[in-house]
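Going in written order, the chains are labelled A, B and C, and every chain counts its residues from 1.
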Amino acid sequence: MGFSLLPKEYEFFDMFDKLAEQCINVSKQFCSNVDNENFSTESLHKIKDIEHVADSITFEIFEKLNKTFITPLDREDIFSLAHEFDNVIDLILKISNMMKIYNIDRVNNHFVEVVKLIDKSISSLCDAVRGLRNLKNGAVINNHCSEVNRLESLGDQLRNEAIAELFTGTTDAIYIMKWKDIFQTSEKILDQCDDVAKIVGSLIVKQA
Amino acid sequence: MGFSLLPKEYEFFDMFDKLAEQCINVSKQFCSNVDNENFSTESLHKIKDIEHVADSITFEIFEKLNKTFITPLDREDIFSLAHEFDNVIDLILKISNMMKIYNIDRVNNHFVEVVKLIDKSISSLCDAVRGLRNLKNGAVINNHCSEVNRLESLGDQLRNEAIAELFTGTTDAIYIMKWKDIFQTSEKILDQCDDVAKIVGSLIVKQA
Amino acid sequence: MGFSLLPKEYEFFDMFDKLAEQCINVSKQFCSNVDNENFSTESLHKIKDIEHVADSITFEIFEKLNKTFITPLDREDIFSLAHEFDNVIDLILKISNMMKIYNIDRVNNHFVEVVKLIDKSISSLCDAVRGLRNLKNGAVINNHCSEVNRLESLGDQLRNEAIAELFTGTTDAIYIMKWKDIFQTSEKILDQCDDVAKIVGSLIVKQA
(Lines give C-alpha, C1' and ligand atoms only; values in the text may rest on other atoms or scores of the structure.)
Protein backbone atom coordinates (compact mmCIF):
# COMPACT_ATOMS: atom_id res chain seq x y z
CA MET A 1 0.00 0.00 0.00
CA GLY A 2 1.35 3.36 -1.01
CA PHE A 3 1.41 6.65 0.76
CA SER A 4 -2.07 8.04 1.19
CA LEU A 5 -2.60 11.57 0.00
CA LEU A 6 -5.74 11.82 2.06
CA PRO A 7 -4.77 13.08 5.52
CA LYS A 8 -6.16 11.02 8.34
CA GLU A 9 -7.85 14.16 9.63
CA TYR A 10 -10.39 13.87 6.86
CA GLU A 11 -11.94 11.09 8.92
CA PHE A 12 -13.86 13.91 10.60
CA PHE A 13 -16.02 14.11 7.48
CA ASP A 14 -16.70 10.37 7.67
CA MET A 15 -17.84 10.85 11.25
CA PHE A 16 -20.13 13.71 10.30
CA ASP A 17 -21.57 11.52 7.55
CA LYS A 18 -22.30 8.87 10.16
CA LEU A 19 -23.98 11.45 12.37
CA ALA A 20 -26.06 12.63 9.40
CA GLU A 21 -27.10 9.02 8.78
CA GLN A 22 -28.38 8.70 12.36
CA CYS A 23 -30.16 12.02 12.04
CA ILE A 24 -32.01 10.75 8.96
CA ASN A 25 -32.77 7.49 10.78
CA VAL A 26 -34.25 9.18 13.82
CA SER A 27 -36.41 11.42 11.66
CA LYS A 28 -37.74 8.45 9.66
CA GLN A 29 -38.52 6.58 12.87
CA PHE A 30 -40.24 9.63 14.37
CA CYS A 31 -42.33 10.15 11.20
CA SER A 32 -43.34 6.52 11.28
CA ASN A 33 -44.37 6.77 14.96
CA VAL A 34 -46.47 9.87 14.21
CA ASP A 35 -48.02 8.35 11.07
CA ASN A 36 -49.06 5.27 13.03
CA GLU A 37 -49.99 7.30 16.13
CA ASN A 38 -47.77 4.85 17.95
CA PHE A 39 -46.13 6.34 21.06
CA SER A 40 -45.65 3.07 22.90
CA THR A 41 -42.62 2.30 25.05
CA GLU A 42 -41.37 0.11 22.22
CA SER A 43 -41.50 2.84 19.58
CA LEU A 44 -39.83 5.24 22.01
CA HIS A 45 -37.02 2.72 22.54
CA LYS A 46 -36.31 2.72 18.80
CA ILE A 47 -35.73 6.49 19.01
CA LYS A 48 -33.59 6.07 22.13
CA ASP A 49 -31.42 3.44 20.44
CA ILE A 50 -30.63 5.76 17.55
CA GLU A 51 -29.92 8.60 19.98
CA HIS A 52 -27.40 6.38 21.80
CA VAL A 53 -25.60 5.56 18.54
CA ALA A 54 -25.48 9.28 17.69
CA ASP A 55 -24.09 10.03 21.14
CA SER A 56 -21.24 7.57 20.63
CA ILE A 57 -20.38 9.10 17.26
CA THR A 58 -20.37 12.59 18.77
CA PHE A 59 -18.18 11.34 21.61
CA GLU A 60 -15.78 9.81 19.04
CA ILE A 61 -15.58 13.18 17.26
CA PHE A 62 -14.66 14.89 20.55
CA GLU A 63 -12.09 12.21 21.35
CA LYS A 64 -10.51 12.50 17.91
CA LEU A 65 -10.53 16.29 18.28
CA ASN A 66 -8.52 16.00 21.49
CA LYS A 67 -5.91 13.83 19.78
CA THR A 68 -5.60 15.55 16.41
CA PHE A 69 -3.15 18.36 15.91
CA ILE A 70 -4.20 19.66 12.51
CA THR A 71 -7.92 19.62 11.74
CA PRO A 72 -9.57 20.24 8.36
CA LEU A 73 -11.82 22.90 9.93
CA ASP A 74 -11.28 25.06 12.99
CA ARG A 75 -11.25 22.97 16.14
CA GLU A 76 -13.98 25.12 17.72
CA ASP A 77 -16.18 24.77 14.65
CA ILE A 78 -15.91 20.99 14.59
CA PHE A 79 -16.84 20.96 18.25
CA SER A 80 -19.87 23.23 17.79
CA LEU A 81 -21.04 21.45 14.68
CA ALA A 82 -20.92 18.02 16.32
CA HIS A 83 -22.49 19.25 19.53
CA GLU A 84 -25.34 21.16 17.88
CA PHE A 85 -25.98 18.51 15.24
CA ASP A 86 -26.28 15.88 17.96
CA ASN A 87 -28.76 18.18 19.74
CA VAL A 88 -31.20 17.83 16.84
CA ILE A 89 -31.42 14.12 17.63
CA ASP A 90 -31.69 14.81 21.37
CA LEU A 91 -34.68 17.06 20.71
CA ILE A 92 -36.44 14.38 18.68
CA LEU A 93 -35.96 12.04 21.61
CA LYS A 94 -37.31 14.77 23.88
CA ILE A 95 -40.50 15.30 21.87
CA SER A 96 -41.01 11.54 21.55
CA ASN A 97 -40.62 11.19 25.26
CA MET A 98 -43.09 14.02 25.81
CA MET A 99 -45.71 12.34 23.63
CA LYS A 100 -45.31 9.13 25.61
CA ILE A 101 -45.56 10.95 28.96
CA TYR A 102 -48.62 12.90 27.80
CA ASN A 103 -50.19 9.63 26.75
CA ILE A 104 -50.95 10.92 23.24
CA ASP A 105 -52.96 8.47 21.16
CA ARG A 106 -54.41 10.76 18.50
CA VAL A 107 -52.27 13.25 16.66
CA ASN A 108 -53.37 16.87 16.19
CA ASN A 109 -53.84 17.58 12.46
CA HIS A 110 -51.44 20.50 12.34
CA PHE A 111 -48.78 18.33 13.93
CA VAL A 112 -48.68 15.99 10.93
CA GLU A 113 -47.67 18.96 8.77
CA VAL A 114 -45.07 20.14 11.29
CA VAL A 115 -43.49 16.69 11.34
CA LYS A 116 -43.21 16.76 7.53
CA LEU A 117 -41.36 20.08 7.78
CA ILE A 118 -39.01 18.59 10.36
CA ASP A 119 -38.26 15.65 8.09
CA LYS A 120 -37.59 17.93 5.12
CA SER A 121 -35.43 20.23 7.22
CA ILE A 122 -33.32 17.34 8.52
CA SER A 123 -32.94 16.01 5.00
CA SER A 124 -31.63 19.36 3.68
CA LEU A 125 -29.45 19.83 6.75
CA CYS A 126 -27.82 16.43 6.25
CA ASP A 127 -27.18 17.26 2.57
CA ALA A 128 -25.46 20.45 3.72
CA VAL A 129 -23.33 18.67 6.33
CA ARG A 130 -22.32 15.93 3.88
CA GLY A 131 -21.27 18.64 1.43
CA LEU A 132 -18.66 20.00 3.84
CA ARG A 133 -16.12 17.42 2.63
CA ASN A 134 -15.76 19.42 -0.55
CA LEU A 135 -16.07 23.11 0.17
CA LYS A 136 -15.84 23.90 -3.55
CA ASN A 137 -19.54 23.04 -3.52
CA GLY A 138 -20.17 26.16 -1.45
CA ALA A 139 -23.10 27.32 -3.55
CA VAL A 140 -24.88 23.96 -3.35
CA ILE A 141 -24.31 23.74 0.40
CA ASN A 142 -25.63 27.27 0.83
CA ASN A 143 -28.81 26.31 -1.01
CA HIS A 144 -29.40 23.48 1.44
CA CYS A 145 -28.81 25.86 4.35
CA SER A 146 -31.27 28.40 2.92
CA GLU A 147 -33.86 25.65 2.60
CA VAL A 148 -33.42 24.80 6.30
CA ASN A 149 -33.91 28.47 7.11
CA ARG A 150 -37.01 28.69 4.90
CA LEU A 151 -38.54 25.65 6.60
CA GLU A 152 -37.87 27.17 10.01
CA SER A 153 -39.85 30.31 9.09
CA LEU A 154 -42.62 28.18 7.62
CA GLY A 155 -42.67 26.16 10.85
CA ASP A 156 -43.05 29.34 12.89
CA GLN A 157 -46.14 30.32 10.93
CA LEU A 158 -47.59 26.84 11.16
CA ARG A 159 -47.00 26.69 14.90
CA ASN A 160 -48.63 30.08 15.41
CA GLU A 161 -51.72 28.93 13.53
CA ALA A 162 -51.75 25.61 15.36
CA ILE A 163 -51.52 27.20 18.81
CA ALA A 164 -54.09 29.88 17.97
CA GLU A 165 -56.45 27.12 16.86
CA LEU A 166 -55.75 25.11 20.02
CA PHE A 167 -57.07 27.97 22.13
CA THR A 168 -60.14 28.63 20.02
CA GLY A 169 -60.93 25.01 19.18
CA THR A 170 -61.46 23.56 22.65
CA THR A 171 -62.07 24.46 26.27
CA ASP A 172 -60.11 21.40 27.40
CA ALA A 173 -57.23 23.09 29.24
CA ILE A 174 -55.29 19.88 29.66
CA TYR A 175 -55.42 19.11 25.93
CA ILE A 176 -54.22 22.65 25.20
CA MET A 177 -51.39 22.35 27.73
CA LYS A 178 -50.11 19.11 26.20
CA TRP A 179 -50.22 20.24 22.57
CA LYS A 180 -48.83 23.68 23.31
CA ASP A 181 -45.77 21.96 24.81
CA ILE A 182 -45.50 19.60 21.84
CA PHE A 183 -45.76 22.40 19.27
CA GLN A 184 -43.21 24.49 21.15
CA THR A 185 -40.80 21.57 21.24
CA SER A 186 -41.27 20.94 17.52
CA GLU A 187 -40.38 24.60 16.98
CA LYS A 188 -37.18 24.03 18.91
CA ILE A 189 -36.26 21.17 16.57
CA LEU A 190 -36.62 23.42 13.50
CA ASP A 191 -34.70 26.18 15.29
CA GLN A 192 -31.95 23.74 16.15
CA CYS A 193 -31.70 22.58 12.52
CA ASP A 194 -31.41 26.24 11.53
CA ASP A 195 -28.68 26.81 14.12
CA VAL A 196 -26.68 23.92 12.67
CA ALA A 197 -27.26 25.24 9.14
CA LYS A 198 -25.93 28.63 10.29
CA ILE A 199 -22.74 26.95 11.57
CA VAL A 200 -22.33 25.18 8.21
CA GLY A 201 -22.95 28.48 6.41
CA SER A 202 -20.30 30.27 8.46
CA LEU A 203 -17.78 27.52 7.66
CA ILE A 204 -18.28 28.18 3.96
CA VAL A 205 -17.74 31.91 4.41
CA LYS A 206 -14.54 31.23 6.36
CA GLN A 207 -13.10 28.88 3.76
CA ALA A 208 -14.12 31.04 0.80
CA MET B 1 -12.70 68.07 1.83
CA GLY B 2 -9.80 67.59 4.16
CA PHE B 3 -8.56 64.55 5.99
CA SER B 4 -11.07 63.38 8.58
CA LEU B 5 -9.76 62.94 12.07
CA LEU B 6 -12.69 60.72 12.86
CA PRO B 7 -11.71 57.17 11.96
CA LYS B 8 -14.26 55.40 9.81
CA GLU B 9 -14.50 52.75 12.50
CA TYR B 10 -16.45 55.17 14.64
CA GLU B 11 -19.36 54.46 12.31
CA PHE B 12 -20.06 51.55 14.66
CA PHE B 13 -21.42 54.07 17.15
CA ASP B 14 -23.70 55.53 14.49
CA MET B 15 -25.03 52.07 13.84
CA PHE B 16 -25.65 51.43 17.53
CA ASP B 17 -27.48 54.76 17.68
CA LYS B 18 -29.70 53.56 14.84
CA LEU B 19 -30.36 50.30 16.64
CA ALA B 20 -31.24 52.27 19.80
CA GLU B 21 -33.68 54.35 17.76
CA GLN B 22 -35.48 51.22 16.54
CA CYS B 23 -35.53 49.87 20.08
CA ILE B 24 -37.27 53.04 21.28
CA ASN B 25 -39.67 52.83 18.31
CA VAL B 26 -40.67 49.25 18.98
CA SER B 27 -41.28 49.99 22.65
CA LYS B 28 -43.47 53.00 21.83
CA GLN B 29 -45.48 50.92 19.33
CA PHE B 30 -45.85 48.08 21.84
CA CYS B 31 -47.00 50.50 24.59
CA SER B 32 -49.53 51.98 22.20
CA ASN B 33 -50.87 48.53 21.26
CA VAL B 34 -51.23 47.64 24.94
CA ASP B 35 -52.83 50.99 25.86
CA ASN B 36 -55.40 50.56 23.10
CA GLU B 37 -55.78 46.82 23.75
CA ASN B 38 -55.17 46.46 20.05
CA PHE B 39 -53.50 43.17 19.09
CA SER B 40 -54.81 43.05 15.54
CA THR B 41 -52.79 41.72 12.61
CA GLU B 42 -52.21 45.33 11.57
CA SER B 43 -50.74 46.44 14.89
CA LEU B 44 -48.57 43.30 14.92
CA HIS B 45 -47.27 44.20 11.46
CA LYS B 46 -46.09 47.57 12.77
CA ILE B 47 -43.94 45.73 15.32
CA LYS B 48 -42.69 43.32 12.65
CA ASP B 49 -41.68 46.18 10.35
CA ILE B 50 -39.54 47.74 13.06
CA GLU B 51 -38.01 44.36 13.86
CA HIS B 52 -37.02 43.95 10.19
CA VAL B 53 -35.31 47.34 10.15
CA ALA B 54 -33.44 46.43 13.35
CA ASP B 55 -32.38 43.13 11.79
CA SER B 56 -30.88 44.93 8.80
CA ILE B 57 -28.94 47.29 11.05
CA THR B 58 -27.61 44.37 13.10
CA PHE B 59 -26.64 42.59 9.89
CA GLU B 60 -24.82 45.73 8.71
CA ILE B 61 -22.89 45.82 12.00
CA PHE B 62 -21.81 42.19 11.50
CA GLU B 63 -20.84 42.88 7.87
CA LYS B 64 -18.81 45.93 8.88
CA LEU B 65 -17.20 43.90 11.65
CA ASN B 66 -16.01 41.34 9.11
CA LYS B 67 -14.42 44.03 6.98
CA THR B 68 -12.89 46.26 9.64
CA PHE B 69 -9.40 45.63 10.90
CA ILE B 70 -9.26 47.99 13.86
CA THR B 71 -12.44 48.41 15.88
CA PRO B 72 -13.14 51.01 18.58
CA LEU B 73 -14.17 48.25 21.00
CA ASP B 74 -13.21 44.59 21.10
CA ARG B 75 -14.57 42.72 18.09
CA GLU B 76 -16.26 40.14 20.32
CA ASP B 77 -17.90 42.86 22.40
CA ILE B 78 -19.33 44.66 19.36
CA PHE B 79 -20.71 41.34 18.18
CA SER B 80 -22.31 40.48 21.55
CA LEU B 81 -23.68 43.96 22.05
CA ALA B 82 -25.33 44.07 18.61
CA HIS B 83 -26.65 40.53 18.92
CA GLU B 84 -28.08 40.92 22.41
CA PHE B 85 -29.44 44.41 21.80
CA ASP B 86 -31.27 43.15 18.72
CA ASN B 87 -32.70 40.34 20.86
CA VAL B 88 -34.59 42.90 22.96
CA ILE B 89 -36.54 43.85 19.84
CA ASP B 90 -37.03 40.19 18.89
CA LEU B 91 -38.58 39.53 22.29
CA ILE B 92 -41.01 42.42 21.90
CA LEU B 93 -42.07 40.90 18.59
CA LYS B 94 -42.38 37.55 20.35
CA ILE B 95 -44.67 38.84 23.10
CA SER B 96 -46.74 40.79 20.56
CA ASN B 97 -47.12 37.67 18.49
CA MET B 98 -48.13 35.72 21.58
CA MET B 99 -50.86 38.22 22.43
CA LYS B 100 -52.22 37.91 18.90
CA ILE B 101 -52.12 34.09 18.98
CA TYR B 102 -53.78 34.02 22.39
CA ASN B 103 -56.47 36.32 21.05
CA ILE B 104 -56.06 38.80 23.91
CA ASP B 105 -58.60 41.61 23.84
CA ARG B 106 -58.48 42.81 27.42
CA VAL B 107 -55.23 43.48 29.18
CA ASN B 108 -54.54 42.18 32.69
CA ASN B 109 -54.10 45.13 35.09
CA HIS B 110 -50.65 44.13 36.30
CA PHE B 111 -49.51 43.90 32.72
CA VAL B 112 -50.01 47.62 32.15
CA GLU B 113 -47.48 48.27 34.93
CA VAL B 114 -45.04 45.72 33.55
CA VAL B 115 -45.17 47.35 30.13
CA LYS B 116 -44.34 50.72 31.70
CA LEU B 117 -41.28 49.14 33.33
CA ILE B 118 -40.21 47.70 29.97
CA ASP B 119 -40.51 51.11 28.31
CA LYS B 120 -38.47 52.78 31.07
CA SER B 121 -35.86 50.04 30.95
CA ILE B 122 -35.46 50.35 27.18
CA SER B 123 -35.19 54.12 27.50
CA SER B 124 -32.36 53.88 30.06
CA LEU B 125 -30.68 51.11 28.09
CA CYS B 126 -30.66 53.22 24.93
CA ASP B 127 -29.19 56.15 26.87
CA ALA B 128 -26.43 53.81 28.06
CA VAL B 129 -25.70 52.46 24.57
CA ARG B 130 -25.67 55.94 23.04
CA GLY B 131 -23.17 56.99 25.72
CA LEU B 132 -20.60 54.44 24.54
CA ARG B 133 -19.33 56.86 21.91
CA ASN B 134 -17.68 58.81 24.65
CA LEU B 135 -16.40 56.51 27.34
CA LYS B 136 -15.32 59.46 29.46
CA ASN B 137 -18.98 59.54 30.48
CA GLY B 138 -18.45 56.25 32.29
CA ALA B 139 -20.23 57.38 35.45
CA VAL B 140 -23.32 58.55 33.58
CA ILE B 141 -23.47 55.38 31.52
CA ASN B 142 -23.13 53.30 34.67
CA ASN B 143 -26.10 55.13 36.18
CA HIS B 144 -28.25 54.18 33.21
CA CYS B 145 -27.10 50.56 33.52
CA SER B 146 -27.94 50.52 37.23
CA GLU B 147 -31.40 51.81 36.43
CA VAL B 148 -31.93 48.95 33.96
CA ASN B 149 -30.85 46.54 36.68
CA ARG B 150 -33.18 48.17 39.25
CA LEU B 151 -36.13 47.89 36.85
CA GLU B 152 -35.35 44.23 36.24
CA SER B 153 -35.58 43.50 39.99
CA LEU B 154 -38.77 45.53 40.24
CA GLY B 155 -40.17 43.57 37.29
CA ASP B 156 -39.40 40.29 39.06
CA GLN B 157 -41.43 41.37 42.08
CA LEU B 158 -44.28 42.61 39.95
CA ARG B 159 -44.38 39.39 37.93
CA ASN B 160 -44.37 37.30 41.10
CA GLU B 161 -47.35 39.24 42.43
CA ALA B 162 -49.12 39.10 39.08
CA ILE B 163 -48.70 35.34 38.71
CA ALA B 164 -49.66 34.67 42.34
CA GLU B 165 -52.81 36.72 41.77
CA LEU B 166 -53.55 34.89 38.52
CA PHE B 167 -53.76 31.61 40.42
CA THR B 168 -55.86 32.96 43.27
CA GLY B 169 -58.07 35.27 41.19
CA THR B 170 -59.69 32.80 38.81
CA THR B 171 -60.34 29.12 38.20
CA ASP B 172 -60.14 29.64 34.45
CA ALA B 173 -57.10 27.47 33.64
CA ILE B 174 -56.87 28.71 30.05
CA TYR B 175 -56.78 32.35 31.15
CA ILE B 176 -54.04 31.51 33.65
CA MET B 177 -52.06 29.61 31.02
CA LYS B 178 -52.12 32.53 28.59
CA TRP B 179 -51.19 35.24 31.09
CA LYS B 180 -48.54 33.12 32.80
CA ASP B 181 -46.82 32.83 29.40
CA ILE B 182 -47.20 36.54 28.74
CA PHE B 183 -45.81 37.56 32.14
CA GLN B 184 -42.91 35.14 31.78
CA THR B 185 -42.08 36.56 28.37
CA SER B 186 -42.22 40.11 29.72
CA GLU B 187 -39.75 39.02 32.38
CA LYS B 188 -37.43 37.80 29.62
CA ILE B 189 -37.55 41.25 28.01
CA LEU B 190 -36.43 42.94 31.24
CA ASP B 191 -33.77 40.24 31.73
CA GLN B 192 -32.55 40.79 28.19
CA CYS B 193 -32.30 44.56 28.76
CA ASP B 194 -30.29 43.81 31.89
CA ASP B 195 -27.98 41.46 29.95
CA VAL B 196 -27.29 44.21 27.42
CA ALA B 197 -26.70 46.72 30.24
CA LYS B 198 -24.20 44.25 31.75
CA ILE B 199 -22.30 44.12 28.45
CA VAL B 200 -22.23 47.94 28.35
CA GLY B 201 -21.04 47.99 31.97
CA SER B 202 -18.22 45.56 31.25
CA LEU B 203 -17.08 47.72 28.31
CA ILE B 204 -16.70 50.66 30.65
CA VAL B 205 -14.63 48.62 33.10
CA LYS B 206 -12.37 47.43 30.25
CA GLN B 207 -11.76 50.93 28.91
CA ALA B 208 -11.29 52.50 32.32
CA MET C 1 6.49 35.15 60.01
CA GLY C 2 8.33 33.35 57.28
CA PHE C 3 7.80 33.19 53.59
CA SER C 4 4.65 31.30 52.68
CA LEU C 5 5.05 28.55 50.14
CA LEU C 6 1.34 28.64 49.41
CA PRO C 7 0.78 31.15 46.63
CA LYS C 8 -1.94 33.65 47.36
CA GLU C 9 -3.73 32.45 44.23
CA TYR C 10 -4.70 29.30 46.07
CA GLU C 11 -7.25 31.45 47.85
CA PHE C 12 -9.49 30.63 44.89
CA PHE C 13 -9.93 27.17 46.38
CA ASP C 14 -10.91 28.68 49.74
CA MET C 15 -13.54 30.71 47.94
CA PHE C 16 -14.91 27.68 46.12
CA ASP C 17 -15.05 25.88 49.48
CA LYS C 18 -17.13 28.76 50.82
CA LEU C 19 -19.44 28.57 47.82
CA ALA C 20 -19.79 24.81 48.37
CA GLU C 21 -20.71 25.48 51.97
CA GLN C 22 -23.54 27.82 50.92
CA CYS C 23 -24.69 25.30 48.36
CA ILE C 24 -24.99 22.66 51.09
CA ASN C 25 -26.77 25.18 53.32
CA VAL C 26 -29.35 26.12 50.73
CA SER C 27 -30.08 22.49 49.97
CA LYS C 28 -30.57 21.68 53.67
CA GLN C 29 -32.90 24.66 54.07
CA PHE C 30 -34.86 23.68 50.97
CA CYS C 31 -35.19 20.06 52.16
CA SER C 32 -36.42 21.31 55.51
CA ASN C 33 -39.01 23.59 53.87
CA VAL C 34 -40.27 20.69 51.74
CA ASP C 35 -40.30 18.23 54.66
CA ASN C 36 -42.37 20.67 56.72
CA GLU C 37 -44.48 21.75 53.72
CA ASN C 38 -43.54 25.25 54.78
CA PHE C 39 -43.40 27.72 51.89
CA SER C 40 -44.10 30.81 53.93
CA THR C 41 -42.49 34.18 53.25
CA GLU C 42 -40.23 33.54 56.23
CA SER C 43 -38.93 30.21 54.96
CA LEU C 44 -38.40 31.76 51.54
CA HIS C 45 -36.35 34.54 53.14
CA LYS C 46 -33.99 31.96 54.63
CA ILE C 47 -33.28 30.70 51.11
CA LYS C 48 -32.85 34.26 49.84
CA ASP C 49 -30.37 35.09 52.59
CA ILE C 50 -28.17 32.16 51.63
CA GLU C 51 -28.43 33.11 47.97
CA HIS C 52 -27.21 36.62 48.80
CA VAL C 53 -24.19 35.27 50.65
CA ALA C 54 -23.39 33.00 47.69
CA ASP C 55 -23.71 35.95 45.33
CA SER C 56 -21.15 37.92 47.33
CA ILE C 57 -18.72 35.02 47.29
CA THR C 58 -19.12 34.63 43.51
CA PHE C 59 -18.60 38.36 43.11
CA GLU C 60 -15.42 38.13 45.20
CA ILE C 61 -14.16 35.34 42.94
CA PHE C 62 -14.74 37.52 39.86
CA GLU C 63 -13.06 40.50 41.54
CA LYS C 64 -10.06 38.42 42.49
CA LEU C 65 -9.93 36.99 38.99
CA ASN C 66 -9.66 40.50 37.57
CA LYS C 67 -6.75 41.32 39.85
CA THR C 68 -4.79 38.08 39.72
CA PHE C 69 -2.14 37.52 37.07
CA ILE C 70 -1.40 33.85 37.55
CA THR C 71 -4.32 31.61 38.45
CA PRO C 72 -4.16 27.98 39.61
CA LEU C 73 -6.66 26.99 36.89
CA ASP C 74 -7.44 28.63 33.56
CA ARG C 75 -9.04 32.03 34.05
CA GLU C 76 -12.01 31.08 31.84
CA ASP C 77 -12.55 27.87 33.80
CA ILE C 78 -12.59 29.63 37.17
CA PHE C 79 -15.12 32.06 35.75
CA SER C 80 -17.39 29.33 34.37
CA LEU C 81 -17.12 27.19 37.46
CA ALA C 82 -18.04 30.06 39.81
CA HIS C 83 -20.83 31.27 37.56
CA GLU C 84 -22.43 27.88 36.99
CA PHE C 85 -21.98 26.73 40.58
CA ASP C 86 -23.69 29.89 41.80
CA ASN C 87 -26.53 29.13 39.35
CA VAL C 88 -27.37 25.95 41.28
CA ILE C 89 -28.22 28.13 44.27
CA ASP C 90 -30.14 30.60 42.08
CA LEU C 91 -32.29 27.75 40.80
CA ILE C 92 -33.11 26.59 44.33
CA LEU C 93 -34.25 30.12 45.07
CA LYS C 94 -36.26 30.06 41.86
CA ILE C 95 -38.11 26.83 42.72
CA SER C 96 -38.71 28.05 46.29
CA ASN C 97 -40.12 31.26 44.95
CA MET C 98 -42.33 29.32 42.56
CA MET C 99 -43.76 27.21 45.38
CA LYS C 100 -44.58 30.37 47.29
CA ILE C 101 -46.21 32.04 44.27
CA TYR C 102 -48.21 28.90 43.49
CA ASN C 103 -49.37 28.84 47.09
CA ILE C 104 -48.31 25.22 47.57
CA ASP C 105 -49.31 23.81 50.94
CA ARG C 106 -49.18 20.10 50.26
CA VAL C 107 -46.25 18.48 48.52
CA ASN C 108 -46.74 16.00 45.67
CA ASN C 109 -45.37 12.58 46.71
CA HIS C 110 -42.95 12.24 43.82
CA PHE C 111 -41.51 15.63 44.68
CA VAL C 112 -40.21 14.40 48.02
CA GLU C 113 -38.10 11.85 46.16
CA VAL C 114 -36.88 14.43 43.65
CA VAL C 115 -35.76 16.72 46.47
CA LYS C 116 -33.75 13.87 48.00
CA LEU C 117 -31.99 13.39 44.67
CA ILE C 118 -31.21 17.11 44.54
CA ASP C 119 -29.72 17.00 48.03
CA LYS C 120 -27.56 13.98 47.16
CA SER C 121 -26.46 15.55 43.89
CA ILE C 122 -25.42 18.78 45.60
CA SER C 123 -23.56 16.82 48.25
CA SER C 124 -21.54 14.89 45.62
CA LEU C 125 -20.99 18.03 43.57
CA CYS C 126 -19.59 19.87 46.59
CA ASP C 127 -17.26 16.96 47.32
CA ALA C 128 -16.03 17.19 43.73
CA VAL C 129 -15.48 20.96 43.88
CA ARG C 130 -13.68 20.74 47.23
CA GLY C 131 -11.40 18.09 45.72
CA LEU C 132 -10.09 20.51 43.08
CA ARG C 133 -7.53 21.86 45.50
CA ASN C 134 -5.57 18.68 45.05
CA LEU C 135 -5.86 17.43 41.51
CA LYS C 136 -3.89 14.31 42.37
CA ASN C 137 -7.23 13.07 43.69
CA GLY C 138 -8.50 12.98 40.10
CA ALA C 139 -10.02 9.52 40.39
CA VAL C 140 -11.96 10.38 43.56
CA ILE C 141 -13.20 13.64 42.06
CA ASN C 142 -14.30 11.80 38.92
CA ASN C 143 -16.32 9.39 41.04
CA HIS C 144 -18.21 12.30 42.60
CA CYS C 145 -18.86 13.75 39.14
CA SER C 146 -20.15 10.40 37.87
CA GLU C 147 -22.49 10.23 40.82
CA VAL C 148 -23.90 13.67 39.92
CA ASN C 149 -24.43 12.44 36.38
CA ARG C 150 -26.12 9.24 37.60
CA LEU C 151 -28.49 11.24 39.80
CA GLU C 152 -29.36 13.50 36.86
CA SER C 153 -30.44 10.48 34.77
CA LEU C 154 -32.37 9.07 37.70
CA GLY C 155 -34.06 12.45 38.13
CA ASP C 156 -35.11 12.43 34.46
CA GLN C 157 -36.84 9.10 34.90
CA LEU C 158 -38.50 10.19 38.12
CA ARG C 159 -39.74 13.43 36.55
CA ASN C 160 -41.14 11.55 33.56
CA GLU C 161 -43.08 9.26 35.85
CA ALA C 162 -44.22 12.15 38.02
CA ILE C 163 -45.49 14.22 35.08
CA ALA C 164 -47.15 11.22 33.42
CA GLU C 165 -48.94 10.52 36.71
CA LEU C 166 -49.96 14.19 37.05
CA PHE C 167 -51.87 13.97 33.78
CA THR C 168 -53.53 10.66 34.57
CA GLY C 169 -54.15 11.29 38.27
CA THR C 170 -56.33 14.39 38.13
CA THR C 171 -58.46 16.53 35.84
CA ASP C 172 -57.51 19.66 37.79
CA ALA C 173 -55.68 21.61 35.06
CA ILE C 174 -54.40 24.25 37.47
CA TYR C 175 -52.88 21.64 39.78
CA ILE C 176 -51.17 20.01 36.76
CA MET C 177 -49.89 23.37 35.53
CA LYS C 178 -48.29 24.19 38.88
CA TRP C 179 -46.62 20.85 39.45
CA LYS C 180 -45.47 20.47 35.85
CA ASP C 181 -43.58 23.78 36.31
CA ILE C 182 -42.18 22.66 39.64
CA PHE C 183 -40.99 19.29 38.31
CA GLN C 184 -39.45 20.95 35.26
CA THR C 185 -37.58 23.40 37.46
CA SER C 186 -36.33 20.59 39.69
CA GLU C 187 -35.02 18.92 36.54
CA LYS C 188 -33.10 22.11 35.73
CA ILE C 189 -31.44 21.98 39.16
CA LEU C 190 -30.17 18.44 38.54
CA ASP C 191 -29.08 19.44 35.01
CA GLN C 192 -27.25 22.44 36.42
CA CYS C 193 -25.43 20.25 38.97
CA ASP C 194 -24.44 17.97 36.10
CA ASP C 195 -23.18 20.95 34.06
CA VAL C 196 -20.97 22.02 36.98
CA ALA C 197 -19.75 18.43 37.41
CA LYS C 198 -18.85 18.39 33.69
CA ILE C 199 -16.76 21.55 34.16
CA VAL C 200 -14.97 19.93 37.12
CA GLY C 201 -14.44 16.78 35.03
CA SER C 202 -12.91 18.76 32.17
CA LEU C 203 -10.51 20.50 34.61
CA ILE C 204 -9.19 17.12 35.69
CA VAL C 205 -8.63 16.04 32.08
CA LYS C 206 -6.75 19.28 31.37
CA GLN C 207 -4.47 18.97 34.38
CA ALA C 208 -3.82 15.26 33.87
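Operating definition for what follows: contacts are C-beta pairs under 8 Å (C-beta built on N, C-alpha and C of every residue); 3 or more make two chains touch, one makes a residue touch a chain.
Here the structure is a predicted model, which is why all the values come from computation and not from measurement.
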Same or different contact residues where chain B meets its copy chain A, judged by the half mark: different
Superposition of chain B upon chain C: rotation angle, C-alpha, nearest 5 degrees: 120
CA centroid of chain A to CA centroid of chain B, Å: 30
Contacts with 2+ other chains: residues of chain C: 173, 177
Contact set on chain C toward chain A in their complex: 160, 163-164, 167-168, 171, 173, 176-177, 180
Residues on chain A engaged by chain C in the complex (per definition of touch): 97, 100-103, 173-174, 177-178
